[in-house]
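Presented sequentially are two complexes of chain A, the first with chain B as partner and the second with chain C.
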Partner chain A sequence: MGGQLGDHLHVEGDSPVHRLPAHVKLIGLVVFVLLVVALPRDAHLARAATLAVAVIVVALTRVPVRHVLSRLVVETPFVVFAVVLPFVATGPRTTIGPVTVSRPGLEAGLALLVTATTSVLMAVAFATTTSSRDLVRALQHLHVPDRLVQILAFMVRYLGVVGSQAQRMKVARESRGFAPRSVRSWPVIATSAGALFIRSYERGERVHLAMMSRGYTGRMPVTDPLRATPTQWGHGLLPGALALVTLVAVVVS
Partner chain B sequence: MSAPVLDIRGLAFAYPDGHQALFGVDLHVHRGERVALLGPNGAGKTTLVLHLNGILTAGAGSVSVSGLPVESGNHLEIRRRVGIVFQDPDDQLFMPTVRDDVAFGPANLGLRGAELDARVESALAAVGMSEFADRAPHHLSFGQRRRVAIATVLAMEPEILVLDEPSSNLDPTTRRELAELIQSLDVTLLMVTHDLAFALQLCERAVILSDGIVAADGPTRAILEDADLLGRHRLELPWGFSG
Partner chain C sequence: MCNKHVPVRKGSDMHVPDGFLDAPTSVATAAVAVAGVGLALSRARRELDDRTAPLAGLVAVFVFAAQMLNFPVGAGTSGHLLGGTLAAVLVGPWTATLCLTVVLAVQALLFADGGITALGTNITLMALVGVWAGWLVFVGLRRVARSAGPKVVPALAGVAALVSVPTAALAFTALYAVGGRAPIPLGELTAAMVGWHTVIGIGEGVITLLAVGSIIATRPDLVHGARGLLSARPLQIRTEVPA
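So, the complex of A and B:
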């Protein structure tokens, strides 16, 4: 029943990025993205430098380029926004070929596009090299509230189960001649969604029983704590450090 | 004789909605026994199972495991002693990998490190799933998931293994392989089923639970040969069998 959350993103491998402990990568990612977003709008050179850093990190993961590209689709809304900006923004005009656009709008659009691409590339470098299991361990290690971590872990585990249940219900509806054509079919779909919700809720109860039966008392046991050497921290925080250097350089100059 | 592993006396239970599922169940299981708990759908089998480790609390009567009464103070110890494998392995396997899932129970009992790893390895070996330790449960076949579900409970080294309808939804080959697996385990077993052939193959003793009471208790073969008894409790041998 393919298409699992997490499995879809993760690509097995043994690159230097794959080998870094997940919590180090996660902190490194957050620090880097925060600094990139903090760059002033007209710091074009600095922004290009952070993009280069992100590209290098992605290259280090040795994940095939087409995987990376297919994962960049999450960026689409930013691209649309960036393309629209030069046309709708006010201020001095400038001419590119046949069209005249707003100069501040163009700059803002480009800045937005580069910032988004840099951040998404780095996020893809993280997601493709970190299994959902390690992501969960990293969040646990970083003391993200246990409830949130569990919700995420169960989502990864049961999305496919619920999805295939929804699929079976759809097949069952259609086998009995149901075709969703008009507004009149909405109540049927709403009823199915309700049934799916109830089944998922009941599943949740049964999973909870199974957990209690194996001694669960409200906290997930940490069996395999993550550990990182200072060198690994150094590597993980290197992109963030580079972004910090560019930011400082921009602010100082 | 030492205290029975499982000692159920006069157990009665009604669900909060008022539906009474158990009306005074008496059952003793001794060390090393393999007992089949037979009964039609809705007989109260799963309800009974949920009392064995304190998930449900008896309305009347009592349950003890190797002399320890099931009550709120000692749930963790009871859950170590009683290993329940539920009907749907998707309910039982909730961790990201097989290894984490098998480790969940013993980790809750406080095991860590090499000791925990050893438990996990031996439980997976017992069900023949060692090479799947790092796979995600949702990437396994149904039969494999059922094996792993058994391993998750074996890893707690229970005194009694309770299986709720282990042969449901299995194709004939997988069903036979599961029977061989259960046969190979050296444990006290309470197996809930309405698969009579499966019960005959694996358990020397059978108990019929019907309408919330124990309606028969004896050697499996003798019970399966009593067509009247089976008929009264909506149990049937597969077509072509004659006890």
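So, the complex of A and C:
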């Protein structure tokens, strides 16, 4: 698939994480992140331990480090927020070097930074090892409402198609001398967005007719159901189990 | 070809990450999201009948692609569309809710953008509040300006889009007041969030206005929000060939 839209996180590979069935990975991911979020604010050591778990899982995927790091840019706005937090929050003050900051703000900023990084790493580990087709099968297997799964399936199927269409429109604009520099270029880009909507909608109508002519009745058949062995479940839920142990240790101590 | 390489997804300022709100708030907003999306699933049938899945899927791709169009503001910075109100005006609010939900799910699960446990929060803020605040403002204004015909639809959509962005920011502030993890003075947080998102909302409003305007000019039948207004146009039979 061409175009930058189709080029999502998935990286082909044959690591232990790649081999786990998608629904096991998805459940494992949700359980792990939920437990990490449930850690109390001042449990910094426990949070660092969960970060280590996430780093190990990412390492197990054998995806190039550069690829993983380039995906962490989605975090940027919240790194900024976490840095600003100690300065804007209220509560008792504490002094670090030349600056005086809010202690709860500092703790919350640190907690946010580590939690967000942990969960983004885990989500990257999921996304790099799961193809969009497998994600659709996993959601189907987990009984997410059929219509929602279908919308998602059509979306990931046409992501690359519409993405390269948008790219071609961009090339067409620029080869006619268009350079988006200021607010004055907005009408052109907005008109392109309008044209892209009409083209996407009409493509949707054509896809629907093509599917009707092939016997589509509003449901997608499950041709190749996902299966998981107890061992695979064990592997998939291991990060979650480790996070649970840390949480229990924090609550007990 | 002189297109500079753009990163696949830049961090967007509206996606709540994991750990931003506490676990009970995340679970509660997830419940709200499930209820809202469940209702939208049953109602979207009326807007798109059995074509729902393929069409809503393609509209979701459009929203995703439109969010990646960069609108230069000047001085090297640029903004992008959020698209909630635009989608609601184009395909109706129920379908728009489903499209935005799927976009957010794909962003969280395939692009690691937006938290996994915060998916419910993000759906509540953008697919429910973002879409419905815009749609309700649009419907209210349309009722007032019904006599003006379809010409005013782009302007109404623009105003609705402008209002929807700070409304979603306000909803976020309310969630932060309940489940935020750091004590930030609420008055200042509200002022900063609403102020900044009103600026973003102006951009959203202008882009929505221009985009809806261009679609109404070429395919007015596709704009859900203009349906009731278009039928008022009588068929003209021209017997003379205009010079």
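We adopt the following convention: the second predicted complex is superposed on the first by the 217 of 253 C-alpha atoms of A that agree within 3 Å, B and C clash if a C-alpha of one lies under 4 Å from a C-alpha of the other, contacts with A are read in each partner's own complex, and residues count from 1 in each chain.
Here is the rule we use: a contact is a pair of C-beta atoms (placed from the backbone, for glycine too) under 8 Å apart; a residue touches a chain by one contact, two chains touch by 3 or more.
Here the structure is a predicted model, which is why all the values come from computation and not from measurement.
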{"item": "Touching partner for A:Phe87 - first (chain B), second (chain C), both, neither", "value": "neither"}
{"item": "Touching partner for A:Ser213 - first (chain B), second (chain C), both, neither", "value": "first"}
{"item": "Contacts of A:Ala127 with chain B and chain C, given as first, second, both or neither", "value": "second"}
{"item": "Per-residue touch tally on chain A - higher for chain B or for chain C", "value": "C"}
{"item": "First (chain B), second (chain C), both or neither touched by A:Arg203", "value": "both"}
{"item": "Touching partner for A:Val156 - first (chain B), second (chain C), both, neither", "value": "both"}
{"item": "Which superposed partner A:Arg41 touches (first chain B, second chain C, both, neither)", "value": "second"}
{"item": "Touching both chain C and chain B, counted on chain A across the two superposed complexes", "value": "4, 7, 132, 153-154, 156-158, 161, 203, 207, 211"}
{"item": "Residues of chain B that touch chain A when the two form their complex", "value": "50, 53, 55, 76, 79-80, 84, 86, 88, 90-92, 94-97, 100, 103-105, 107-109, 112, 116, 136-138, 152-153, 156"}
{"item": "Residues on chain A engaged by chain B in the complex (per definition of touch)", "value": "1, 4, 7, 131-133, 136, 153-154, 156-158, 160-161, 203, 206-207, 209-217, 221, 223-224"}
{"item": "Interface residues, chain C side, partner chain A - complex", "value": "1-3, 6-13, 15, 17-20, 22-23, 26, 37-38, 41, 44, 50-62, 64-66, 68-74, 78, 81, 90, 98-99, 101-103, 105-106, 108-117, 181-185, 188, 206-207, 209-215, 218-219, 222"}
{"item": "Residue ranges of chain A in contact with chain C within the complex", "value": "4-5, 7-10, 26, 29-30, 33-34, 36-38, 41, 70-71, 73-78, 85, 88-91, 102, 104-105, 107-109, 111-112, 114-116, 118-120, 122-124, 126-127, 130, 132, 135, 145, 147-148, 150-159, 161-163, 166-167, 170-171, 174-175, 180-183, 185-187, 189-198, 200-201, 203-205, 207-208, 211, 218"}
